[in-house]
Amino acid sequence: MAHRWGMAVDLDKCTGCGACVTACHAENNIPIVGPAEAARGRAMHWLRVERYFEGEFPDVRVKFRPVMCQHCDAAPCEPVCPTYASHHTDEGLNAQVYNRCIGTRYCANACPYNVRFFDFFNPQWPKPLHLQLNPDVSVREVGVMEKCTFCVQRINAAEIAAKAEKRELKDGDVQTACAQACAARAIVFGDLNDPESEVARLSRSPRAGHLLEDLGTLPKVAYLERQTQV
Amino acid sequence: MSEAARKINDDLLRPLLRTSWRFYLLVALLGSVVVAGLVAWVWQMWNGFGVAGLNNPVYWAFYITNFVFWIGISHAGTLISAILRLVNAGWRRPVTRCAEVITAFALMIGAMFPVIHLGRPWLAFWLIPYPSNRLIWPNFRSPLVWDFFAISTYLTGSVLFLVLPMIPDFALVRDRTTGTRRKIYGVLALGWRGTPKQWHRLESAMQIMAVAIIPVAVSVHTIVSFDFSMAPVPMWHSTMFGPYFVAGAIFSGIAGLIIAMAALRKFLHLEDYLHPVHFQNLGKLLLMMSLLWAYFVFAERLTVWFGNESAEVQVLRVTQKGTFAPLYWTMVVCNFVVPFTILSLRRLRTISGCVIASFCVCIGMWLERFLIVVPSLGHKYLPYSWGTYRPRPVEIMITISTFAAMTLLYTLFSKFVPIISIWELKVGAQAVEEPVVQHAEHAIGEARP
Amino acid sequence: MSSVYALYPTADAAQRAVNNLHAAGVPDEQITIVSSEPFEEHEFANREKATWMGWIALAGAVLGLITATWLTSMTELAWPLKTGNMPIVAWWPNLIVMFELTMLGGILAAVITLLVTAQLVRRRPAFYDPAVSDGQILVGVAAAGDPATVERALGVADVRRA
């Protein structure tokens, strides 16, 4: 059966440390926009840790939620792209084809999760970060949209390796950078079509829910609700 | 009859045949502002789109506001020309070409903004469905592709609707000029002579086009509204956007038309052709559209407030009480309070009164477009990602230059083409003059050997 | 064979001239009338009013509709890309493009019919006098078999030949 890639994030384990954000930057050649541009609201974190404070002192509660592209099965960003730069693959990923993008930014407006980012300038990395670019991932030019791809380069590499070795992909063969970096193993990535995979098991948990589910986007990231309080 | 015809010819051809230094000065001034706008755009393409003020999450702002605003202004022509033609309203005659010119130029200016706001504008041609070696076609599910087809159709239709009745007037100008100008107008006049067959065919074509252009105009601004209503953004995803935008477009279009007509009347000395009654009629239409606009805004906001859906209510609050409140209430005053006051009192519904109301409406409608686009984008469903927007010089410069471009194009047009349709005016004058002339003709006929 | 015509300052005078030409045995097809404005009220202006333009415009609209239907569904099937859980051939959005191209087809068909039937793509006007632009109405016969008869029928002192 074809793969259907999905993710589960256990909010009970997440400490909000941000290692996943850093790993995503490193893996996917995400530009460093600099303090001035970040102040203008143009920071590009494909994966961000949303933090909310609730309540008044001394009953303050903190909530963390790592938010990345949900790879929605009914993604609102896909039909609005005039050039098919944003479309759905057969493995359930929302693909962003940089070469087709003409930068209308409609997809970013349509995305309720605000997980799409625009290259306002040609990317640059202050030295020595230019030495750590990932050769498996393209560098985007000014004027195109980019977002979390579920580390499609790793998925493709694993699939090619499995095909070459004439075997099936096992659960755990593909790890996204954020899942790999998470010290608490809060982020789990895998094939939702494999009922034995950890991500499928976690998605069936009674604690599992989805972000902005009532909008009808059919997101594929399951968030397991927090049971302990900070 | 010849006397009246000669006067019409003289008055309406004068701007073509005589030019003062003021014209050159105006063109120079407007031209430099337009050039500054083009420079700003090239600067933006050269330095990267980041020189504009957009950010995450407000990815659309000034450019899309201008796009919707100018496409809205373009609905003036269709209403006046096409609808009034179909209902045989005689008072449309001096006004039709002024209105159709606004449509054509406003569309051209508005249609530039989808290109200006692109991240990679040199690839804008990918919206055209042609068999390319990229082996891909445009996505017909996207409202932006609908925009492309709608605006192309409307532009083609409007330009034809404008140009076809110009042909008899080109023949007239050809006969009144000499040298190179005569040759140019001769080419523009095509093979026009004025036989009954040609008049009938022209009339038939105009009727068909009038019938066709009205649904196209309605569809154009509806499709522009679909750019917003098809996205799940709070206070964008409204079923009312289609009619709301069309009403707003006609509203701003009439305001633009009143301003253009008042300017023409004053600077080209067309007092004999553009009478206060024309302005009063348009003023009444403007009043009606102001009420309609207020009705739509009330219906939408009441629904949001009563429905209490948290994301939508947040946008409502931020426009009416939060950061955007000054702009919002300015808009309400400009679009409703001032026009309603001026236009409902006959004493105030003079030409100047209508012009003041129209300027207010133009400002108010620009603000309305802005307030639809930016607050919603800044306050979507995840509060962590809320943001704000501030325009930067490149956006402001380009916006100002579009107003200069519109004025410049209009000025140039009225220099090279009679701004009032001469033959249509004469047809209107026929009904008035016939009885007077018949007596004179009898006398002449009997005197002939 | 040469053209004979005269200029009349009013539509009534032109109508009388046309009546006289009819009386002199000149049929409508041979009479040319040129004016700088249309005269709906007068009988001489009511020639060649019937036209197929409306039907041609309708045909153009149907052609536009067929083109748009083919364009949208063909391209959507040629490269079937999934977007937003929508069907590959998405009829709701396709209807919008179909509507626009239908109207465009009708408009263009009407304009092309106008250009062809009004013979607007001709470079040289066949039979014309610039005085028409001053409000005169030209009534004449393009290829007059008997110039003298026509001259008499036209009835004015200032008869011109072209």
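As written, the chain order gives the labels A, B and C, with residue 1 at the start of each chain.
Throughout what follows, a contact is a pair of C-beta atoms (placed from the backbone, for glycine too) under 8 Å apart; a residue touches a chain by one contact, two chains touch by 3 or more.
None of these values were measured; they are calculated from a predicted model.
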## Note on the structure
Contact-count maximum falls on chain pair B-C
## Note on the structure
Farthest chain from chain B by C-alpha centroid distance is chain A
### Message
Per-chain Cα mean versus the mean over all protein Cα atoms: which chain has them closest together?
### Response
B
### Inter-centroid spacing, chain C versus chain B (mean Cα positions, whole Å)
29
### Separation of mean Cα positions, chain B and chain A [Å, integer]
44
### Message
Using mean CA coordinates as chain centres, what's the gap between chain A and chain C in Å?
### Response
63
### Query
Which residues belonging to chain C are in contact with no fewer than two other chains?
79, 81, 83-84, 86, 90, 93
### Query
Which residues of chain B are in contact with two or more other chains?
136, 138-139, 141-142, 145
#### Entry: Of all residues in chain A, the ones touching two or more other chains
76, 79, 81, 84
#### Entry: Partner chain B, residues of chain A touching it in the complex
37, 40-44, 48, 50-52, 67, 76, 79-84, 100-106, 108-110, 112-114, 117-122, 142-145, 212, 215, 217
### Query
In the complex of these two chains, what residues of chain C are touching chain B?
9-13, 16, 32-41, 44-49, 51, 53-54, 57, 71-72, 75-76, 78-79, 81, 83-84, 86, 90, 93-94, 96-97, 99-101, 103-104, 106-108, 110-111, 113-115, 117-128, 130, 132-136, 155-157
### Query
Can you list the residues on chain A that touch chain C in the complex?
73-79, 81, 84, 86-90, 218
### chain C partner contacts - residues on chain B that touch it in the complex
1-2, 5-6, 9, 129, 135-142, 145-146, 149-150, 152-153, 156-157, 160, 164, 167-168, 171-172, 175-176, 190-205, 208-209, 212-213, 215-216, 219, 223, 226, 423, 426-427, 430, 434, 437-438, 441, 444-445, 448-449
### Message
Taking the touch rule as given, give the residues of chain B at its contact with chain A in the complex, in rising order.
### Response
48-50, 53-60, 114, 117-121, 123-124, 126-127, 134, 136, 138-139, 141-145, 148, 227, 230-233, 377, 380-385, 387-388
